[in-house]
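Labels for the chains are A, B, C and D, by order of writing; each one numbers its residues from 1.
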């Protein structure tokens, strides 16, 4: 699977949102990568982004993107419903694939991507960047050390970036049919973190909500467009063998606060507080504290990118792997069904 | 309905747990009350408690309790499933009733109590003491001032008093068939608080859990007895007209922390942090802070007791009232059904 | 129950919406009634309405309204959640009550109203005006003649009055917590019609939708307010013993059409087409046609008002009666629960 | 995949119902096809049909059917539960497959067929003939032009062909265990039409009904046989991102009428009325009208057959394709589960 040369990995970025804003600058700064092209649904926007970053190509044509000479890898950061199309097209041409989270809009598509990557023999990775943030990485380590079996785990996010209609103009993340919503933005990261510690989710219940129903813009215009993808959610989890979980986010708060994650087990406790400090201890011990820790997305993605290169050049196991992507996808699908069907849903087994 | 004399209210306490530990000492210290008798399921225990407090009577016989001369009121703090029997017997004899929360084990019983009290023309009150705690009282006031319509409300409680089997020996609160569980202990208070601010709950989903399955004792013995009533729970709420709620408690944490309550609305924010400080502000304002505030149960119950007396002597409206008890009961019933039936349940309307 | 004098019935109207726009003008034109007072939540609005109609009193004070000398009856046209308060206060003072549909926001409140009216010995009626429209009245009669047992009944309404945010400024009918929504506006009439023909509904499934999420105004302002009460719905019914029903409304169509109602039984067919013509026939016969028939609300309400007076003055059975109101309410409650809980719900038995 | 010869396609028809009545005569009249054999469960019936149509073979033996020399394609019009067996056997022999709708009795079988056809490298098509009817084809085109996002879509069919027990003698379409029922007859066509316009169905609720419980015959006899497959149904749909749908059919009406299909979106309206006229217009425009348009099944199937040939001879994309068949199947499965489980069900993603 490895391509044991020494040069930087020639990579194309598909997507003018997160792809252009976070992934591209990181790749540009890392000497291990050589970003050569970018795709956006609007050709003009793609060309602008390419010019700004000094890339060889900006295009809205997937085939043109994948045909650029010497291309080795693609970072897929399109709207979620388009992941399968892009990732499979790349794999079929023998290109390595870094896929944004969630892998796909549903488990079936995610499995198709995984199968396509497996049969093409290329490297597949998923950008579970948040677990690479120092604050969350330390929390996971400490939890593994001290908590034992789950009693209760909770992840509570309160953001203010969607509080007003104008504070976040309309984009595909506001459109449910394109795979948008805060669950795909944040919820999947939090499910990923929980599964890293307690992998056995028995069933889920969930509620999603659109608090700000219309936003201006989309395609440059100022007209109000309907928001159909959630800006808030609450999820309950039951673990197999006992223990409860709560995962929630409100993106429309008028006053944000730092992420709070608490992990209570039968042997001890680990906690990330709102000031990015990790607390941990066993039963009977006083909690110890470390922090504030770094939680920057850019630094986290830099680590994801380096792991991706190590898998390409040295044949290392990709981390996070596509299999971890499927595991989250199964729970994510159950959350969507539970919300829609208003009942508890058991995640499907991964084929 | 008022009894316009000046003397202290002669009151009997039914229940050797909270009744003996919190209610009785408060009544004893307040000059507005004259506690005269106590009931416990075990006659010997009842006599001990009466002797210690200098009461006229300690008995395990309800009729004897209610027949003590000059008795005016009864504080019902029995296991929850016995509330209806005690409260109705008291009301039928013309005695005023202070009922522990929840009013009953189900809405039907709670309505029977309310009807019995109404037709007897006596005062009926429910001990929603927690909302009288200074910290929660201020939070409610601030929320009413600034938050507007609900976007997300969350109540998160983490206690360590049930973490070990031996830390809380077995009692009726561990027995589901007697109406035990942490939902009746804390959850109903938190539902009460939410309904004070946002009264329109559309539906609920819920999960309960027994983390420590056996506890020693009960009736003085040391043998292990099975725990059937939850020591942890998570609840999701959808509000009619929009907005989500989360209510959770873990009583088996190895490391406790202060209660955290957050109320996010379309106009502003109010929050109680883990150090008993209240924060509040409108959209665009910085949050202001007050505290730490008092959260003692005893002081809170003192206020409930005084309100009860005012209703008895001056004909004031009881606060908290039985109607507020029914409102919580409807949601509480829905939570129980939602947990068992693994689906979302709409609270019943109160007849 | 009858008040056998000859004079007009002195009546007060509670509500500045339908009450002021439809009920008051009809009462003013009918010599059988003498409208004397009007209530609105805003005192100034109430006085304006009273002045325009030459009434003795316009007030926002319920007690003042009910205390006007010689008052005999009240027409309750407030937001739905306030029906119980107004109807019961009126009945307690011995006033006859004409209640807008639905009787209340839930079956329990509706039963309380019915019980209050029964125990006060006054006349209680519900304004199921639509079934009094000539078009629907004839359809019901023809259906009873020819259709036999139910195979399928469908009611399909397509209106354009809510298509644009500005076409219907925000009022209480857009607020779910005040009992608003198109189900209370139209759905209950259509359920009433179906129950007139096939009274045995076994269970219902339902979906509601807010298509236009914000509307300007409310209290005179132009700011956008959130719409939380449905502007579209679809309902499925199963009849006990067989047969299906469909009831739907879209209030946000860009092109309206006439109401279509089809009643297919095992013996024949009756149908109201979009041009207000009734078609009917037995199996084997060709359908006959009558119409276009009148469907004016004003004429229909005139008949309801006359029936109300006949019940007051001559002791006639009120038609439509409160009992018919309860029957609809049980199905209406089931529809709400079915929508919220995403399952089939059996209507409760009427106590 | 294409077989680039010029001659007619040698095709066998499996099924003595629709296959013999509609498909065979069309193939016989089209010079692009050469029907050579027919299969029916009863050998005698098969031979009769072959004789009448001048075919080389009539048989009840699947292997014999598929072994006829020079055979290129099979039209599978058996009872639904046998589709997978026939289609897979044909594909394995390298024969192109035209499958009647629905593709199978459940999504799993449908996917097996699709996988078998894919791996055999033959052409697979599904006979979604109704969408090829001129009336429906124009409606779809107009809807795509003017309606925008869904607010409400409804399809209402009222037929009289099953009204009496004797009007349609018993056949496999009356037997649920053979995959019969009006949903497989008509409902899947209507779901197909809706998905052509609004492909994102979030969840469904449904009710089916047998109105005429016994029918004479089957296998030539006159004895009454039990009907277990629905002759009426009602379906509610919620679209992802908002909007409602209603699909209903009554096959036991005593008075039939033309199909009515209404499509209301946030930008405009398209409608097929009972006289086969299409109406359409954008918000603010008056509706324009076209028609009456042709709705003959035979003409529609002729187009399906021509498309099938183009896929075989010129390598054109089959239209309607098997993928479109799977999309309908996922919703069809959800409808069956929703009916049985009496709850809302989310369609499965297609693997």
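Going forward, a contact is a pair of C-beta atoms (placed from the backbone, for glycine too) under 8 Å apart; a residue touches a chain by one contact, two chains touch by 3 or more.
This structure is a prediction, so every number in the text was calculated from the model and none was measured.
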Intersection of contact partners for chain A and chain D: C
From chain C, the most remote chain by mean C-alpha position: A
Homomeric contact chain B-chain C: same or different residue positions, threshold half: different
Centre-of-Cα separation between chain C and chain A, whole angstrom: 51
Centre distance in Å when chain B and chain C are each reduced to the mean of their C-alpha atoms: 41
Centre distance in Å when chain B and chain D are each reduced to the mean of their C-alpha atoms: 61
Separation of mean Cα positions, chain B and chain A [Å, integer]: 42
Contacts with 2+ other chains: residues of chain B: 203, 238, 242, 266, 343-344
Topology of the chain contact graph, where touching chains are joined (line, ring, star, complete, other): other
Footprint of chain D on chain C - complex, ascending: 151-152, 154, 156, 158, 163-164, 203, 205-207, 209, 211, 232-236, 238, 242-246, 248, 250, 252-255, 262, 264-269, 271, 281-284, 287, 342-344
Chain A - residues contacting chain D, complex: 105-109, 111-112, 175-177, 226, 228-229, 333, 336-337, 340-343
Of all residues in chain C, those that touch chain A in their complex: 213-214, 226, 340-343
Of chain D, residues touching chain A in the complex: 149, 200, 202-203, 238, 240-242, 266, 343-346, 348-351
